[in-house]
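Mind having a look at this structure? Questions to follow.
Order as written gives the chain letters A, B, C, D, E and F; numbering starts at 1 within each chain.
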Amino acid sequence: MLEVVDLECARGDRQLFSGLCFTLEPGELLHLHGHNGSGKTTLMRTLCGLIRPSAGEIRWGGESITEVEDDFCRDLVYVGHKNGIKDDLNGVENLRIACVLDGVPISEAAAWEALERIGLRGHEDLPARVLSQGQKRRVSLARLLAHKARLWILDEPFTALDKAAVEFLQSVVREHVANGGMVILTTHQEVSLTRGQVKQLQLGWKGEGDV
Amino acid sequence: MLEVVDLECARGDRQLFSGLCFTLEPGELLHLHGHNGSGKTTLMRTLCGLIRPSAGEIRWGGESITEVEDDFCRDLVYVGHKNGIKDDLNGVENLRIACVLDGVPISEAAAWEALERIGLRGHEDLPARVLSQGQKRRVSLARLLAHKARLWILDEPFTALDKAAVEFLQSVVREHVANGGMVILTTHQEVSLTRGQVKQLQLGWKGEGDV
Amino acid sequence: MSVAEFFDMGGYALYVWGSFGMTALLMGIEPFLVRGRRQVVIKRVARILRMNTEGKR
Amino acid sequence: MSNRLINWFKFASPATFYPLAEKIWRWSTLIAVVLIAVGLYMSFFVAPTDYKQGEGYRIIFVHVPAAWLSMFIYLVMAFWSVVGLVYNTRLSAMMTSALAPTGAIFTFIALWTGAFWGKPMWGTWWVWDARLTSELILLFLYLGFIALQGAIDDTRRADRAGALLVLVGVVNIPIIHYSVKWWNTLHQGASVSVSSGSSMSSIMLWTMLIMALGFWAYSIAMAMARVRCIILERERDTTWVSELPEVRQ
Amino acid sequence: MFEAFRAILMRDLTLALRRRSDIFTTLFFFVIVVSLFPLGIGPELEILRMIAPGVFWVAALLASMLALERLFSIDFDDGALEQMLLAPQPMFILVLGKVLAHWLITGLPLVVMAPLLGVQYDLSTTALSVLLVTLLMGTPALSLIGAIGAALTLGLRGGGIMVSLLVLPLCIPVLIFGAGAVEASVSGLGEAGHLYMLAAILVLSVLFAPLATSAALRISAE
Amino acid sequence: MFEAFRAILMRDLTLALRRRSDIFTTLFFFVIVVSLFPLGIGPELEILRMIAPGVFWVAALLASMLALERLFSIDFDDGALEQMLLAPQPMFILVLGKVLAHWLITGLPLVVMAPLLGVQYDLSTTALSVLLVTLLMGTPALSLIGAIGAALTLGLRGGGIMVSLLVLPLCIPVLIFGAGAVEASVSGLGEAGHLYMLAAILVLSVLFAPLATSAALRISAE
């Protein structure tokens, strides 16, 4: 469904990767590997259409994502390094606005429920400013529960989460894949995601022994 | 050396922990555990003196840290959730300024070397703005190499780091402990820190099954 | 027409020469600025080149 | 058709354009020197004294060409910006940034000479009149473009942001040109127009045209010289640059 | 689509109400600049009446310029901007929502205050109403045009000054027609021409500025 | 200790030079506000000379108020502030370094420009030099006092307006003596008394403001 053809990306005056090709079918998970600075975030943002590749093409359902932009965005959830939540709004407000922007408004009750499921019971109506690091991350991840886009692009989703939350998020990801969703994720932690088809992709071999 | 007596902390209208007592001798490492929002960050910031505890006392070499503040700060390195580096300065500048503030100025050559050791070769003079998440984290952790304070307080130091860097940092921590340093750290990742004396401290038992 | 008359420009000397002068000044300086920039660039490229060849050795 | 396209893309590559630019630069420098010399001679010794304005009108021979070019260069920049945004060619952005300083200089000259002409003619250096204001805005647009490009480190972002700014500002050009028609202003109306011939004496007109052509050739020369610097700067890591004679010695 | 527009609008208004600073700083600034003149000059009504249009418009321009820098930068820093870019709605709708919120927060209070402050300048009721109308049409145009500059300079070194440098030239026409209309009405000439021009600028900027802004945001968010 | 002071000072200056916006926005603002008046009022030198002291001082006050909000907030957001609090140096030294850098960036350019702008107002050389001296003593005091407000309102909702509300009353004495000195010298009365008062304010604020500021920062960083 997602096809990447001959992708090349450069930042500053450095080429991060080139000639990258892969496809991702429904029910598949792509696990990106690579050392710090190897270009994982750059690749993910490129796949979302936030960065224009210096060469190559990304296709969604056979068509270039620049042409079917709106459809592609409707099918996509991207969670990046930044949480994208507003410090002055509380969890429920943050979640509901995120869902409206994603094109699938949810009711207040549904928002409360999603936040409760992701482990924020009792913190739903605190302004995000006072939440702990992991709690903020949970607010931004709650979108994954609230509505189901087909393609999830998750950039180190497990940072700041405690073990129970990592476990829970993994089960959510597994379930999504089992239901025919697609997931691209990267993480430096050991995780067990072996349900459905897992593909691995390694970026930046040469520099791997960097430290 | 570090003694904590009957410490109690409250945030908002909620009490996070109370009656907390422990001591930490040279050559010991304290590993804090706890689910998201259990108060690990709060405890660490309290130990640094950034937050005033609502009750209890923290002693450094037998005296309350509020009395020997300057000495205590000289012996302390705190790395928090925020990297504390300036986006417009490059790695070398960031590191050197951090060291001057810590009271142990280092030469430019030493800064380059520390950054190289922590795996930033070729990125030392890029503005932090363009670095990847893990590279930023490395810049802020380079202080640990550049000078040796006796007490390190590290709040999730491994986030955003790749495996090689986690490995390297663990060896740095082990070595510090072996040389009679003290470390307090928290992380949600599995790490092997068994050299010297490792103490464990669990915060927020009751809520552990939160998710 | 005498030289003095020519330079007087019928009483408009300040205006006419002010205009032509500024024009000549700017259009005269610009080529030199560009040349300076070119020299800087060439020096820089040459330095990078030297660095690269030395690095390979 | 496709053949011609390929041809174009060949010239759109910096490596092939670099030597071509040198040739263009040589020729246009030569043409500029000759035309400006002839134009200057004509403007002081051939063109007759104006019956109304006396000798002061001779400012026209720098004012009008500079004003024309200030607008024309902006239009060319806008053209390259569109090409750059649509076809994503590298050369077009380089052309845009190579043209900007020259455009800014001509805009400044138009303002300066206009002010020096306005003082004797209208009795004031400056009025907030539509044409003068819009020309001043043009100068700010050029400066803004240059500053914006200077502030962005990433060249690709600089190119695209600059192109967008140029396109946003392009509304200003028709405003400059038609301002004398749309508002009643102090400034002269169009005295050279294609349809109705010219209201000026033909010798004056010819002088102005020769000067304008000279300025035009000068702009091309400057743009080519500058684009060569920019190409070198941006392509410094490529092999073809490292094989150039000028960087090897 | 309208849902998303409304959501962004409400979000920004809520945030502004929670923070409040943004509303007050611009308003406060406008009030101070405008009130300073009569205090400084003393009560010669003739002069005051003459300079009033210029003072009001320059103050309005400066005030809206000041508020611009933060229009997108907070969203940029906390990652909300990239989420907006990835929303399956046309970006210019969201931009329009943000700009509208921005105008409601910084522009509208200023428009409302203007007639009150105008009394200090001994402006006639007609002149006051013309002032009100010009501000009502002009300040949204300023916000819309300013948004382009704010988007282009997002995250740049030298952000603040760059915004002014890029945006001021584009805003000068608004200033000229705005002040011109009030002047024309004070001096008894017809103000209709100026008002039409202002309206035209407003319409054009509603149509094109959000498009340019969203293109600029896309470039800056890379 | 001096090392740390110098390091903070140099760091903030470097950052300002890299970003540049901060220098120019305040300066730009000051120049525009000051130049607007002659343009608006016309060239009656009598009036201009009379209002000059007030205009300059109010513009300086507004300009330094505008820049205050960002004095600590960036450090707060990126975590540099907590590192400063944990440095084994007395915090007020670091605060002094930051405020000095802030003044060099926003205050000094303004002081330097003032005499140039003063010429527009037809001020005599004596008056100009008195203006220079008062600004040279007054603007650091404004920065120092303003820092307290900026520290107190760090991370609060409604930061901007709070700063103004807290700081303005404290700054008014500076304004009064500063403008008073220039006025006294324009009208030929002695300006010495006013200058002494300004100097006293400056000394007091150098002594106490950094202490108050660092206490406030400690509270806000919790």
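Throughout what follows, a residue touches a chain if its C-beta (ideal position, glycine included) is under 8 Å from a C-beta of that chain, and two chains touch if they have at least 3 such contacts.
The chain list, named the UniProt way, goes like this: A, B = Heme ABC transporter ATP-binding protein CcmA; C = Heme exporter protein D; D = Heme exporter protein C; E, F = Heme exporter protein B.
The model shown is predicted, which means the values in this text are computed figures rather than measured ones.
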Partner chains that chain E (Heme exporter protein B) and chain F (Heme exporter protein B) have in common: none
Chain nearest the overall Cα centroid: E
Degree value of the rotation bringing chain A onto chain B, based on Cα positions, nearest 5: 180
Between B-F and D-E, the pair with more C-beta contacts: B-F
Maximum centroid distance from chain C (Heme exporter protein D), chain identifier (CA atoms): B
Rounded Å distance, chain A centre to chain B centre (Cα mean): 29
For chain C (Heme exporter protein D) paired with chain D (Heme exporter protein C), centre-to-centre distance based on mean C-alpha positions, whole Å: 16
Chain A-chain E (Heme exporter protein B) separation of Cα centroids, rounded to whole Å: 37
Centroid distance [mean C-alpha coordinates] between chain F (Heme exporter protein B) and chain A, Å: 46
Chain C (Heme exporter protein D) residues counted as touching two or more neighbouring chains: none
Per-residue overlap in chain E (Heme exporter protein B), given as positions that touch at least 2 other chains: 18-19, 77, 157-158, 162, 222
Residues of chain A engaged with two or more neighbouring chains: 11-12, 52, 81, 88
In the complex, chain C (Heme exporter protein D) residues that touch chain D (Heme exporter protein C): 6, 9-12, 14-16, 18-20, 22-23, 26-27, 30-31, 34-35, 37-38, 41-42, 44-46, 48-49, 52
Complex contact set, residues of chain B against chain A: 11-12, 34-37, 41, 81, 118-119, 121, 123, 126, 130-135, 137-138, 156, 159-168, 188-190, 208-211
In the complex with chain C (Heme exporter protein D), residue positions of chain D (Heme exporter protein C) that touch it: 44, 49, 54-56, 58-59, 62-63, 66, 101-102, 105, 108-109, 112-113, 116-117, 119-120, 218, 222, 225-226, 228-229, 232-233, 236-237, 241-242, 246-249
Chain D (Heme exporter protein C) residues touching chain E (Heme exporter protein B) - in the complex, by the definition given at the top: 128, 133, 136-137, 140-141, 143-144, 147-148, 151-152, 154, 156-157, 160-161, 164-165, 167-169, 171
Residues of chain F (Heme exporter protein B) that touch chain E (Heme exporter protein B) when the two form their complex: 18-22, 24-25, 28-29, 32-33, 36-37, 39-42, 47, 51, 54-55, 58, 62, 66, 69, 77, 157-162, 164
